[in-house]
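Encoded as structure tokens, the structure appears first; notes follow it.
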């Protein structure tokens, strides 16, 4: 833990981390980070329509299929550790013990930065609930009196990754990340999501358009750096810098 | 212009650049930047109460005194070029020609980043007007058809520096800058503002408190970096990065 | 269910649906909709002051009186089905089982649109809690894995009806509905609310003033359609249309 | 004017109407609307970089080229009347007389609805200035005392079309329009914009992704209507309806 | 000026001060304030539809009729001084000289508080322009260097009075004023507005409903003070108090 | 209860009331108010880092030390009643019974005004949870049907006291209170907080800077009242007044 840089993704359902920050994961893995991904649920009830349409489907079979997909995608992205907490979805609802387990993961990882959902999402209340839980557990992990003797958490940034229909969520990116060099890995991870094939091209287009924003904001027509694929993020906390 | 990095401050009145971003100016000057400061006016009518209370005071005498202060402060901070446009204050009102002169400065400087006032200020409409003008002239400077043949502007960030009574202005910092190493220079520049001595300690306290925010956001009680003086800024445009 | 169009109102307390969307209910009933109204509670503790001021009053007697009023008002408006869930008020607090019962109602009704409270209400936290529950249960009802085999919910609009003191709630209507043709029914329903007689004229004035807004927005002085009574609504989700 | 329905687009620069609402124009033209497009300027100085990079270019030559493109695109979309006001760009600045000319157009067209830019745009102050002018001139056109005897304007909706980098502009769509049936026309119009070829694919992707939003909001996985290309709009004024 | 308390209303058109703050004017006049009302225009072009529908109407005749109404209403309310600046409406547009005339009025009055329109109004850009001018001229009046030797302005509150369709304007009241004791005067002033008779009952209903808000906020069912008519206001600046 | 005025502070952790509204407490105590302070927890786990760094520390010892500090500070400020509910922190989580206990306190105190935390706080979710609970319990205390026969609550203002890093919390003060006369008491109370000595000077600077805001808003350079120490507050509910 001491020598490697680390990052932590908290994802409501099994597939969220792929569409929304798969590039950030792969890029930082390439840079030597150990990236841990927590899936609070498999999205087994609310985000597995294609599976449920098959005759004789069971909850366990759905969860098993979603877990397999998530593991395959995590491998494609170079995820260091995939933690499937299996807490149930639609709705997600964590008690004190479940929150403590999440705090334990946060403390073990000691992430340099965290990633989670947008603050508001009227389409999917699991998403905004996850962000609320991420903030609460980040706070508990910082408390010296929570399991005294453990190493407490610093003050990692919480980046909110891109939701579907950004404007409806009141999400506004302040950071664009060039993921061109790892695009093949993100695309490969996306293609692990067999149950949601209708979104493969969707998020490819998102990545290309965000690259346009990257270019526009990095110099425009006069010297903007080229970029083919990018991801956008909104920061909860301000940066502290030595030079603008 | 080619070899040196540059920055540009657009200040409504003569003293604004000292209180609000004197540290950023001195720090970047130390790092080898050429920092240009534009004062649209001297604040001669609206921000020179102490002078006007002297018997027999005239507009020219006020402007002259304010200019001398600004020049002294600029020197203390290591400003590369102080441009006093002398356009009149309370209210500021720029016509097409005045805007073109400002565009000319922007293009000549080709700043890596710009600094100006908050977006809203019901106490001082000159301040929000200046920000509006800064955005407009930044846009004109980017136009290939404005004085064709000149080098057009890229896409520098516009940082909004800290206003007085931040919450009333709807200003929210997303970036804190450690100015500890140049604090003596900022304090020296502040003390050039003889007409506003009541603000010397005020902005010293602001700098110390912002340092607390710097520490809190750079790691908190678990490994936060020490910092004695800081300045806060709000970015208009998102960042484009290679690593979070 | 197949042949009739349907709508669903989710109301925190027994009387809310009358003041806030009684016109929408009566109008759509007239147009052939089956309108179901869910009252999560009777407002027995927090919105029955007049009854509690009577000597010897009991909780059951208050609930009984409130239920009678709600049933009478529902009849006046042409409500198809009034569902009194009797979950207790001040505060409302639904567990997993109660939420599942609400999901069951939503799925049974399969509403073309839903109606509930404003997103924020510092005077009455039951109101904003109800909206949060409405969004959560709408989402669960859409999940293929929730009670697999049942017909899942589509994507009905959630309209937020008019709160008391609109501006304090941050509520902004984007839709005005002409209820002139059913005004007599709404007024009759309002007069069923014997415990809150001080509000009869209040909400009559609201309806007349909203009619002014209807006229102003449907053509103004040049051809605006006449309208004597109207109701306003804020939409959570965007519309999808074929013609503007 | 009496028998045909009409619509009016107010565009800051010559190409804006193509990218941002070309589908709405073509679709409504197909439905029998007479659609008038006003270009306040040609975007000759600020949005013609490619032309200015050619040796020996002049302002008149740029304007002429941009006008030709706009006319060709307007023809492809079935625009009824293209009004090029030639008021200059970067910055746009209308005096009283220019505003009166725009009011004259509005009154002559008597649009059923209007289209213009987002309310905020720190990248391009011409855009937000145009929206401000559109609101002001809409108001003047409604005044009985402005050129008394002329037919005054009713209360047409003002739709804000999609800006570049929506979140930075605080733009949030509340209406999606299916433009699948006229996509070929929009694409043809887009390809008239030879100077901005880098945006052809960009706005094709935008249209495909907005179609996904159309589907998601029109029923989702349970019965959502298919749609291949769409455009999004934000309404300034609330709707007045007879049925939800 | 020394002995009497004073207040200042800045109204875009002749009738605005009656509907929106007639009660505040009459109440403070009763309390011994000298209340000055500035009408920047008569609303002769945009708010006099009824007059313009009469045959042979001229601009001068409209202005004369509107002035007579305003004078009659001002008398009914006990206005100390009615200043009709006659600057033209739809649109209002003040140059430097007109602003200086307004500054002169502000300095002469030395108001304890000021009243003007809401910050945003997409229906009526004259209204939001007036608020912007009120803030700018308040600032100039505070400048020691503007007409040195004159008594400068202190820091009076600027209250924003109630617009039509409050939510569309983003207006949120933080202060309710009991105007029961002067209601007869406000109603009499309202009835001077013969050209807008359709609004008499409208604003009577608004006053009754705001009284409900007064009661609700001053103690509710448990000890709320009775109130029959009230007006609401939004403050721009914070209060400075000795006791909460 | 009848003869003395009362106020109520609801504080998430033991020390919050000192830093954030110690001046308001001492000032109102001086004016004859009985001020009750409720500490939901001691901040024993999350805000006692200094204690936990001592070897052999236990939860009970931390709570005991924090309680002693809180009692000492309360005495310095003249608090009438300090209620330590000891509900546990990081995270705070109240069940129905705990909320009822808080309602009981509110009803017993019958406060003229209440004080609590900001509405949003991503650094400390206990703080925003406390405000949510304060609103919910205020509502229950107003319900005639909650413990019928008890005296119900009126409609006291809820003031939000100043959070750390105000802008990150979206907190905007609308009321400044001059606490100069009781500053010595607040400073003495602050010095009781031995575990957080690093904040003593921080909040002294805050108080001095808020005094500058007090002066600026109470007259500025022209007649502003002098003030050495102040506190700022944001009101949730509008005021109801007889005179502006």
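Points worth noting:
The chains carry the letters A, B, C, D, E and F, assigned in the order they are written, with residues numbered from 1 in each.
To be clear about the criterion, a residue touches a chain if its C-beta (ideal position, glycine included) is under 8 Å from a C-beta of that chain, and two chains touch if they have at least 3 such contacts.
Here's who's who by UniProt: A, B, C, D, E, F = 4-oxalomesaconate hydratase.
Please read all numbers here as calculations on a predicted model, not as lab measurements.
Between subunit A and subunit D, the least number of touching-chain steps is 1.
Both subunit D and subunit F are touched by A, B, C, E.
Centroid analysis (C-alpha atoms only) places C farthest from subunit B. When subunit B is fitted to subunit D on its Cα atoms, the angle of the rotation, on a 0 to 180 scale and to the nearest 5, is 120 degrees. In terms of residue-numbered contacts, E-F and A-B present the same interface, as over half of their contact pairs agree; the other options in A-B, A-D or B-D do not. Each chain gets a centre from the mean of its Cα atoms; for subunit C and subunit E, those two points are 36 Å apart. Among the residues of subunit A, those in touch with two or more other chains are 49, 123, 142, 144, 168, 173, 213, 216, 221, 237-238.
Applying the touch definition to every pair of chains gives A-B, A-C, A-D, A-F, B-D, B-E, B-F, C-D, C-E, C-F, D-E, E-F. By the touch criterion stated above, subunit A contacts subunit D in their complex at residues 49, 123, 164-168, 170-173, 201-202, 205-206, 208-209, 212-213, 216, 221. Note for the complex: subunit F touches subunit A at residues 44-46, 48-49, 52-53, 57, 59, 62, 89-91, 93, 122-126, 168. Of all residues in subunit A, those touching subunit B in their complex are 7, 24, 27-28, 31, 113, 142, 144, 151-155, 157, 159, 173-178, 213-214, 216-225, 227, 230, 232-233, 235, 237-244.
Those residues of subunit A that touch subunit F in the complex are listed here as 96, 99, 132, 135-136, 139-140, 142-146, 148, 158, 236-238.
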